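Everything on this sheet refers to the single structure shown next.
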């Protein structure tokens, strides 16, 4: 058997946690090789000096080159940049012949409606013409489109947890009336830059809500639920900061006149072919999925009230892991390549 | 001016966190003196050997005496015992002439319906005849009754957070339809005994739900909301374990067609005379109220959807602090006596 | 009895954690009143908007006034400023007749040798002439001088933990040869400004050393030990960052041919009149002293090797609490005024 | 090329954290297959019901079978049991012909002197005759012996961190005089069973020392340093509990008249062929090695004083990972097999 060809990867936004996780995951991926990691702020530094966990795994230095140069070397380009960067850079490489996959981990190409983008991201979208070409990278609902995609908008962390909780109902027309999603995130979701809300003395023993009714992930969730067929529902989404590092726990409150066992069976059936979704008894737990690409789902019910709970690692299934999962699908690799590892206990 | 008389206090269940907080708070209370701390498991030990934070503040040893003996010395008796203890002990002292206040921090006398008690506490109530005589000790809604009470059922931690969020609506007839209460607690709510869910390696970076639709605090919340006048509502209450030590954060989702500013004004008006309730802008924070008797409340709204958030310390406003607040009211002391201190930052 | 006179206090550097703790402690102090809190960055804001724990306790706004104006109103001035501020400001008020106590919580006036200041603080000292007039504010060794002091340099957090461990030996001529002090601090010691080392995702599960052989607290410790009479010793001091919020744990390794019981007796005798030092059996614990002005001390010994361990709250006994303790001594108040409260459990 | 043969593995003590990590690591090991996991307390349960992180990776149930039965199926047997179990079980299988590797993660076969075992483990050793046959499994110093070993005593977590810090000096005759090792461990080192010192409310914000001068790892460290050639040294070892889950940080204070740069060069040279030791600039960090088999080492020096710092994950390089590393050496596999993965950031 001939050795399978290895594809070259470039990562834009190399200093952040998204890039750190991409690099961690791709370090053991047999089908790709990271050849360039762009970072303006750290250009010239060793990757391992910024991401010390990677010492011994990469000899690379951060590159201050432009996106076009990176695109000449790599057939796969990840954007692990803050919002508003990819929409400026993607147009410069979207026509590069050698680039076969553009995967954006930021929010720039998730919302189809540029007005929503303006409202929630407080900026005018600069690449509106490219929006239709981006496929939303949630494999559990969009695998067929992802397979054919060249440009991919990888989902946000909250939407991943919320959608995996609600899509089985949405796709069956069972999502109706008031839906409440109470979501709790670890501090790594705030990114690599220190801020008052991630200052350890303030965060270590705190719990609070934030961006109530204004979080940019809410319209992303609604858009996807509608695409899945949900119509007569109203979503209330509230994000909370929990004092852990990794993880998103989502508690979704829905109206559904089924027993817990029936709901669990429905979810088990729905996800039976999914490698990265595990329907568990009782509550899922953030610590169990930390560091992994798994989404654990639990359900509970009482009369017409039902609660669906999901736990993911915001930086893996809610970030870099999911992006690699989509890359695997896009490039015809085994979907679990680079991602098939369990979490730790404890 | 004559020096005010000091009353004697006995604490039953002295080894636990509830007792530790009672002792901490009462150490600076000018109107009472703790004369006896009962603990079978630690009888004979110095209080400070079990609660090392109290070294220098109490010379007492734990007493293995019976409740009757304690009641002979003390005019105020606190039960900081696990559920199912007070209902056995209270009958032995309820007729003691010298006992002027019996304050139970456990769940034994909160539910008026013994069938609910059996269902949620998995035990037959042993003092059903005493249930009507117990006043529910939430000063913000029940102050007049507390003033005349001799027997007091101090509220649970989740009910305190939930009720302070919902009572202003319930009392105005504004609580209607589906109400979701998503509550998150710190680990100290599990008490002093180690268990798998409070094992540091498992808890420190975890988040999970527990006792979904089976938590014993749900019927307590419903009972109080009904007493306050709420009728046509359905409560879904889900408790979660967060990786902090102290604090309960409650996110209550209600239907209410008012702006956030209008809701905030309503709450400010409702609680304007309450010393221990602070209506804040934005989200309340658990770390801000940790160690204190305050309940901070925040609101947000969008169309007919409204979110009311509360933060309390489960062991203070949700436990020992509230019990002392009620004691102050029952015995005619200043309501803030022993409790008027701010939290720390950070 | 006439009501005792209340003195006015001004705090410079009002936005930081030091000021937050001064304000918390002084809120219950019967002999002083905080009349002005200076903060350039927050001038005009409510104190409670920056320090939300204090809501309900202060009606003050931060003042952007100059130090001279503050000194006209207050007889006691605290500097809770970063290093290099007090040495510029103190000269402006040191001759103000109304100012009876100037208490600096920063490092500006602790080192008697301006060359050491330059070396460790990387700045030229601007008020060298004032250095001799500043008394080092560690009451347990310097009470007599503090009583007569008008200008006070309140000790650093690491020196407090280290000196309370070593002074009983130093003062008896028992501190000889190599002394190792391995110190561990919580994140609040880094102050209120977010930084990479206090970024919650990085700090929550980390442990590391920092500023090895370069920490500015090392010469401060050496200076005090020498003043106490220690001569033939060499100190190795290494500071570490631990993933807690509050607390400094100090492990001091000394040469001393005594049993643990003998050492403990020596320490008990040495500190028998000290209200804020508690010699405990076994190891002291940071969580036990958190939020309090106590220093707990434990000892262990084996042959000629001895270990002395101390636990303090870096912001209280290692900061604002100790500064208030010194203020009490300077102004003739009861030394425990405002400070006599236990910590919480848990 | 022929597919390499896969060997069967049995794990004794399957419920604990050591077994959980062995199972995690071996799940991706291409040369072995876990065929049996013994656990008396969980016999009959799915492995994934006890170690939920492993759901999807093992179909096994815990076995209540005796050690002899396990030894008939497996050529490699790991003991991940509490102390005092392996010394009873190993004699039953040590003569089994099919068993090629017995690897004990407990302390039973580490100390060559049964009197020391009795003193520190408070039990009489039951298999004294087997002690000489056990090789101490620290690959960085003992690789040649490990290669030929059939019975292996895998090092304790504290000894691993301490020895990797001190062996380069010991082997060169540079370890002399007083040596202080101040070690700090995460809570997972206490194992899977809840206890007061790992109760989250007590541990989350605490720091303390424990077992001062009585820790069973001290004689293990001394024994190895002596074997490496160190003679005229005296070790003071103090263990501390830090409020993190994983990690051991070791600060070793030695006498050595070299500059930091010289020491670093010495360590780099010493470990240049070691895959799992990384000599870093500045301080190592526990969070950087968490989940991995790496030991990061940093050094600092000042005159004749030198500090060597190491960071490991107590359950990996200080536990299961190191045991697998030794297994790889014993069975002729690539030493990094199953272990070559970086940690996460953050």
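Order of writing sets the chain letters: A, B, C and D. Residues in each chain are counted from 1.
Methods note: a contact is a pair of C-beta atoms (placed from the backbone, for glycine too) under 8 Å apart; a residue touches a chain by one contact, two chains touch by 3 or more.
Just so it is clear, the model here is predicted, and its values are computed rather than measured.
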Practice prompt. Look at all chain centres (mean of CA atoms) and spot the one farthest from the centre of chain A.
Written response: C
Fill in: Result of counting contacting C-beta pairs for C-D and A-D, higher pair
C-D
Worksheet item: For chain A and chain C, what's the span in angstrom between their mean Cα positions?
Response: 46
Item to complete: List the centre-to-centre spacing of chain C and chain D in whole Å, with centres computed as mean CA coordinates.
Response: 40
Practice prompt. Find the geometric centre of each of chain A and chain D from their Cα atoms only, then give the gap between the two centres in Å, rounded to an integer.
Written response: 36
Worksheet item: Going by the touch rule set out above, which residues of chain A reach two or more other chains?
Response: 17, 186, 188, 199, 201, 204-205, 243-246, 285, 288, 346
Response to the item:
Residue positions on chain A within touch of chain D in the complex are 17, 20-21, 24, 27-28, 51-57, 188, 204-205, 245-246, 275, 278, 280, 285, 288-289, 291-292, 294, 296, 315, 340-346
Worksheet item: What does chain D use to touch chain B in their complex?
Response: 17, 186-188, 190, 192-196, 198-201, 203-205, 243-245
Response to the item:
Within their complex, chain C touches chain D through residues 178, 180, 182, 184, 186, 199, 201-202, 204-210, 212-213, 234, 236, 238, 240, 242-247, 249, 251, 253, 255, 283-288, 290, 298, 300-302, 305, 307, 309, 311, 346
